[in-house]
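The next part holds the structures, each set out as structure tokens.
Consider the two complexes below, in which chain A is the common component and chain B and chain C are the respective partners.
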Partner chain A sequence: MTSETNLNDKKSRSLWALGWKRLRRDHIGFASLWVVGAFILLALAGAVGVIGSGWRDEVAKPYAPPTLFRNLGPKHVELTAENIDAANQAAQQAAQPAAPTGQEGAAAPTTGETGLSAEEDPLAADMAEAQKNTGQYQEAQVVKAETLPMGADLRGRDVLQKVLKGTSTSLLVGLVGSLAAIFLGTLMGGFGGYFGRKVDDLLMWFYSVFTSVPDMLLLLAFSAVMRRGISTVILVMALTSWTGTFRLMRAEFMKHKTREYVKAADAIGASHVRRMFIHILPNVTYLLLVQFSILTVALIKYEVILSFLGFGVSVTQISWGSMLAEAPAELLQGYWWQMVCVTVFMSILVTAFSMLTDSLRDALDPKVK
Partner chain B sequence: MAEQMSDPMNDQKPLVSVQNLKVAFRMEEGEPFQALKGISFDIPKNRTVALVGESGSGKSVTSMAILRLLPSNAEFGEDSQILFEDKDLLREDPSQMRKIRGANIAMIFQEPMTSLNPVFTVGDQIVETLMLHMGMSRREAKLKAISLLKECGLPEPAKRVDAYPHELSGGQQQRVMIAMAIACEPKLLIADEPTTALDVTIQKQILGLVAELQKTRGMSVLFITHDLDVVGEFADEVVVMREGEIREHNEIKKIFESPKDNYTKALIKCRPHLGRRPERLAVIDDFMQEAPYVEPPHRPRGYATDDEIILDVQGLHKTFYSKDGLFRKRAFEAVKDVSFKLAKGKTLGIVGESGSGKTTVGLTLMRLHDATGGKAFFNGKDILSMTPKEFKEYKRRIQIVFQNPYASLNPRFTVQDILTEPMMLHGIGADARERRQLAGELADRVGLSAKALSKYPHEFSGGQRQRIAIARCLTMKPDILICDESVSALDVSVQAQVLNLLQDLQDEFRLSYLFISHDLSVVKHISDQVMVMHEGMLVEQADSDVIYARPQHDYTRELLASIPKGWPRGDDDLDLDGAMASA
Partner chain C sequence: MFAYVVRRIFQMIPTMFGVMLLLFILFNWVGGDPSYILAGKSLSDQMLANIRTQLGLDKSQLEQFLIFVRQVITLDFGTSWSTQQPVSSILAARVGPSVTLTGSIMFVSTTLSVLMASAVAYVRGSLTDRMVTLICTTAMSVSALVYIIAGQYWLAHKFGWFPVIGWSDSLATNFVTYLPLPVLLGVIVSLAPDLRFYRSCFVEEMNHDYVRTARAKGLSEPKIMLKHVMRNALIPVVTSIMMSLPYLLVGALLLETFFSIPGMGREVIMAVDKSDFPVIKAVTIYVALATMVFNLLADVVYKFIDPRVQLK
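Let's look at the complex of A and B:
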């Protein structure tokens, strides 16, 4: 009777381990995994402030060009007070022949003086104090850089720092948003598919209402109502993108609940919740993983669109979308580096993520091949 | 080897000559898998050659190699040849191969439902073949299609030619498949388990049809099956295969009457027979050892008058409703007024064809379906009218072993998880450690090593998985085990092992079995009493020896007559009476 037990001593491997092995053999998929992993590390480092924390510092001259291309593109000319005065005077002189008499007082130079006497000025005492103490402080003479590796923006902020911090925000939004969407979709889809009947009818009705409104409109509506900020963006995305996962999980739970192994679990007395989450869920998780990776890419792109339209992260935060929102004005003046930098970062991540999705599907569901 | 094996009576050249055929499949990793290790045999003209073997024997790979329909990761040996009319099929170019496939070599598959395209009428599908390969016009082809369907015994062929596949029954679909296969008058018909998915009465008809067509059309047939009994009535030669090698190739008469190879002998003996009921079925190992196999004494069967009745089912009804339109419901009565008694430590067999409601009876008793009516007294308490809470205590005591061991184990659980989960749910065993120990003991009891516990179901063969499923039921110490086609998906030799195991467990734990199967020989072997179901109704119920020897009902007689008899001159008929005498 033991003739059949020719079990080899090879280490026993779960389906997950087998899937991982298949993924490792897929060079493109594995490389993509490295890229995505590197990005996630970057995002984590950004989130805890190891890198990109200085994105707000105005370290360079406005629109300082990238070091490699310092001689290419337009040169930004910084306007000083003298320039403005000179420009004003030139304008006045040009205007005088046309209007010899008139509001000369309005054009009088106002530089330097507050125009208030010491009694009227509430800050006069403080100012005098400060003036007196200036000698104690060492005036840190900030030398604004002429060029930066990736250039600078209007306010002289380092584009590289911005894009690193922006990666952190965008990836965080994508990952957390899709996790939340998957959670919602799986929970509702699982209940709908498993219990069917009334529960399913109700959830399907809810789903139909949600999908009947165009996605973009929903996104805009939610974000218009709520406060701006990263958490709002995440919430908005989770609330609008659970629908695909819901359909998928509903179908899977419907299919699996009639499978013999679930019937067997019923026969041994496993409760509904146990059957749903201990028995069925691990068997559909591979689909969720693929869904997660698809959704993350979609949400990263959504965030860009949302921030671009001004409904995304608040002005004190930085993301790829808000960086791209600055691009139109810059491009008109020929400052291309910020847009190119963001685009390159985004394309690498999105492409790697998409290829990883394909490989994941192949590795985890070998039947499709 | 092929030279000696070719038929001495027939000195013409064989139609197909397979020479030293080696097929290897490149795997994802590691060494390629050798599916065929250099086999040689001939298919003579106008003869039926049966290729018999269990799963993994390479019989289907052989047929696919002849048609060159193997997947792209298959590699042929360099000196392998398949000669068909002086052409080497392995080296023919693909466009030539397509012509040969349609016109000279045709094939019928196991599942007629999936082999027919559901969006075309059956007529269209035959007409397409005829127009493509025979160059007929549509009108001619249609007339020809009708005559082919008529030849294949489809009732009302002129009307059915315009039917869609789903409008036909499984047997009728298989007739259409055969009509399509013979449409271009092939010289060789390959039938790959054409009756395995069909009921036993339909199987008999289809087998008769294939045998008749072979004679009237003078073609050769390569018949592939796992069941030696099926080919007994019409094959001329049998090739017995195992693990990619030919074990024996001989005339049908010699195979059955004087098998030379131990494996062939084992195959004949492993299968339960209507006429014999040894205490233990023979398994392959019995024949592979030095000592000759001696059949153990026969086991008497039947209910005794003083048997303790553990389950008393009275007037069981089950109606399924399906939505018909917006508000109406359509009722389908799956089980109509079925009553029976199950005695402690005995086996009640339920036989019937598909749609007879036998499985529904089992599932309703487990309350996996809600019964529509009737009572089931388990130790005097009606389990069907209990609330779910009251039933929870009884749930553990009625357990089920499903048909498909590949589907009934959760693929993400290790064997240990599978075995300890029911104990945990029912509070058997004090802690996790004790449960693990119990699981180990049970795994050992069903013939699995201790190493098995940390493994996942996909690492086991079908028979081993069925053992795991049985062990899972045993963890709850049930009183009744419902075996729903539990051995039907297994190979003949593995089936014998699992049947032996079930018998041992019954003797040891005094389990009562409700043994549901379409296979009458298996039911006869294991059951004390047998009930025959047909279209939801109980047709006949009696002690198994009685019902097989003296069937009262016409339907029972028809069923019994349809069982493949193996070799016509077997000892079945003699023993039926012998069994009757002992009953």
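Let's look at the complex of A and C:
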């Protein structure tokens, strides 16, 4: 970016414009950008309730198989009321000749009725009252689907709906968490690198405290004392993962504060904060973008593990991790679809995100021409 | 050198103080009153007051912090809230399995990935190289959980090649029977990121001039790779291994949970689950201590393997 190239070009291009041009040329990177964009749209749609809001509805029979692979799952036989009655009757017939001398009390329940007259039954009045009101509380019988596009879980909830909502939760936790972590890291790194001395010592002390405990342990320690829920997960992640950004930004601000353009800004009377965030920050934002996408992927993976262990989202919320938590028990009975579904969604997103990160790193590298 | 080490050890004191402060804030302020957790269902004012006195919660914050500091200095964290065993004896029993498991995983994974990385870096730019990179990226995108769930289900439950869970007191039995599957899964999870990182280390080294010089001298390719490139490329590799040594103590949380291995990671998860604060605090302190010691060790080792490094 010397003055000569600027003379050759009519208009000098900014790093962003150059980066965008390079990214357009990188087919894999550009395709990944589209995939990530689609996922982010999905996450936003899930957050405002357009997509996946019906994940709690029990729309199918328990463990209804996916439509395309309906023969691949275990054959499950659902017992109806008649089956159960028939089985009970058979059991009674088998039991009656065997226990003719049984006590009156033990035999009583097998007759099916309580054996009490209306006057003796203390519950009769209540039961009559309740029976009168049943009509009010009767739920409309929904026809439970035999198969669903991606199958159903134990309670007959649609796995597709669950995974869409789960994608939304997991991705939002990753995005918001890493945004917050980047914000914290930049703020602290900026102050530490720019002011140096006492401020830097204090912040470096913070940094060394937080880095001396491995991330996962710190996450667990935080979640041990806080309530479960999405906002807690985001908060915990922001508080534990700012350190990488801090280190990066501290070094960058240290480097930039002695540059001529910052000195020039000082000379025309720009305040410290203005120099830091209006002058220096735009010059290092490209690093933050790469850092942001690295961190998002890492946080998505952490969220999955935390929620799997039961320390992440609360039981009324759904995420990839809490879906995977149901997987071991399901797999034992042969119901593989929920795990496969989550894995496919997650690996598409994470692969696209990682490839986008690599491409961004190449595209935004100012040293590459 | 000696002065450097001594100075670094003194620098650990404020960091340790910070970790203690962080834990104290977390568990004494954010965590709320733990006596409700301990009292359980049979809650009475008398009992709550008793528990508070026992835990020292009726003292001032400063006194409570001093109690905690004394615990850290004497490395005596009292008894576990859930089992009433002394924390130190619990943790002493948990270190062995964790080190066995994580150590084996690190050893196998590092050996394999260094060898594969040097091979892949040697044919860099080729189809093989690109395929390996692609496979690594894809493999990394699948959550570690999925590998473990699927591996335990198919390899152990379905095919019956390994025991599903278990651990014994004898080291030999563990190595022969119980370790292979967890180690295999651990290696699968950590191989891809290691391979990618080490490959980039090797590729970077191979672009240096000394490689060309060695070739011009007429050295054989294996000799260039193994003797010249490997030595230099191993510098970042050693650093990353030293940095991951504290994880020997934390153990492999997920693997230990899935395979019921009585290690540190499983203990931590159970402690978080049962709000067993003394155990969490003790583990965090021990691990923080280990991390600082290993970081120092990493710098010293770094000095030995790379004479250009100046310790300041």
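Simple rule for what comes next: the second predicted complex is superposed on the first by the 290 of 369 C-alpha atoms of A that agree within 3 Å, B and C clash if a C-alpha of one lies under 4 Å from a C-alpha of the other, contacts with A are read in each partner's own complex, and residues count from 1 in each chain.
Methods note: a residue touches a chain if its C-beta (ideal position, glycine included) is under 8 Å from a C-beta of that chain, and two chains touch if they have at least 3 such contacts.
Bear in mind that the values here come from a model prediction, so they are computed numbers and not experimental data.
Visitor: Using the touch definition from the top, say if A:354 reaches chain B (first), chain C (second), both or neither.
Guide: second
Visitor: Please work out whether A:270 is in contact with chain B alone, chain C alone, both, or neither, and reply first, second, both or neither.
Guide: Touch status of A:270: first partner only.
Visitor: Is it chain B or chain C that touches the larger share of residues in chain A?
Guide: After superposition, C is the partner touching more of chain A.
Visitor: Which partner chains sit in contact with A:25 here, chain B, chain C, both or neither? Use first/second/both/neither.
Guide: So A:25 only meets chain B here.
Visitor: State whether A:143 touches chain B only (first), chain C only (second), both chains, or neither.
Guide: It touches nothing on chain B or chain C.
Visitor: I'd like to know which partner A:14 touches here: chain B for first, chain C for second, both or neither.
Guide: first
Visitor: Look at A:279 in the shared chain and tell me whether it touches chain B only, chain C only, both, or neither; answer first, second, both or neither.
Guide: In the superposed model, A:279 contacts chain B only, not chain C.
Visitor: Applying the document's definition of touch, where does A:94 land relative to chain B and chain C: first, second, both, or neither?
Guide: Neither partner.
Visitor: So, A:261: does it touch chain B (first), chain C (second), both, or neither?
Guide: first
Visitor: Okay, in this complex, where on chain B does chain A touch?
Guide: Within the complex, chain B touches chain A at residues 28-29, 283-285, 366, 368, 392, 395-396, 399-400, 402-404, 407-412, 414, 421-422, 425-426, 447-449, 451-452, 454-456, 458-461, 463-464, 469, 472, 476, 494, 497, 500-501.
Visitor: For the complex, which residues does chain A have touching chain B?
Guide: Going through chain A, the ones touching chain B are 1-5, 7, 9, 12-15, 21-22, 25, 259-261, 263-270, 274, 279, 282-283.
Visitor: In their shared complex, at which residues does chain A touch chain C?
Guide: Going by the criterion above, the answer is residues 205-206, 208-214, 216-218, 220-226, 301, 304-305, 308-311, 320-321, 324, 327-328, 331-332, 339, 342-343, 346-351, 354-355.
Visitor: Going by the contact rule set out above, which residues of chain C touch chain A in the complex?
Guide: Listed in rising order, the residues are 14-15, 18-19, 21-23, 26-27, 30-32, 137-138, 140-146, 149-150, 152-153, 157, 246-247, 250, 253-254, 257, 268-269, 271-273, 275, 277, 280, 283-284, 287-288, 291-292.
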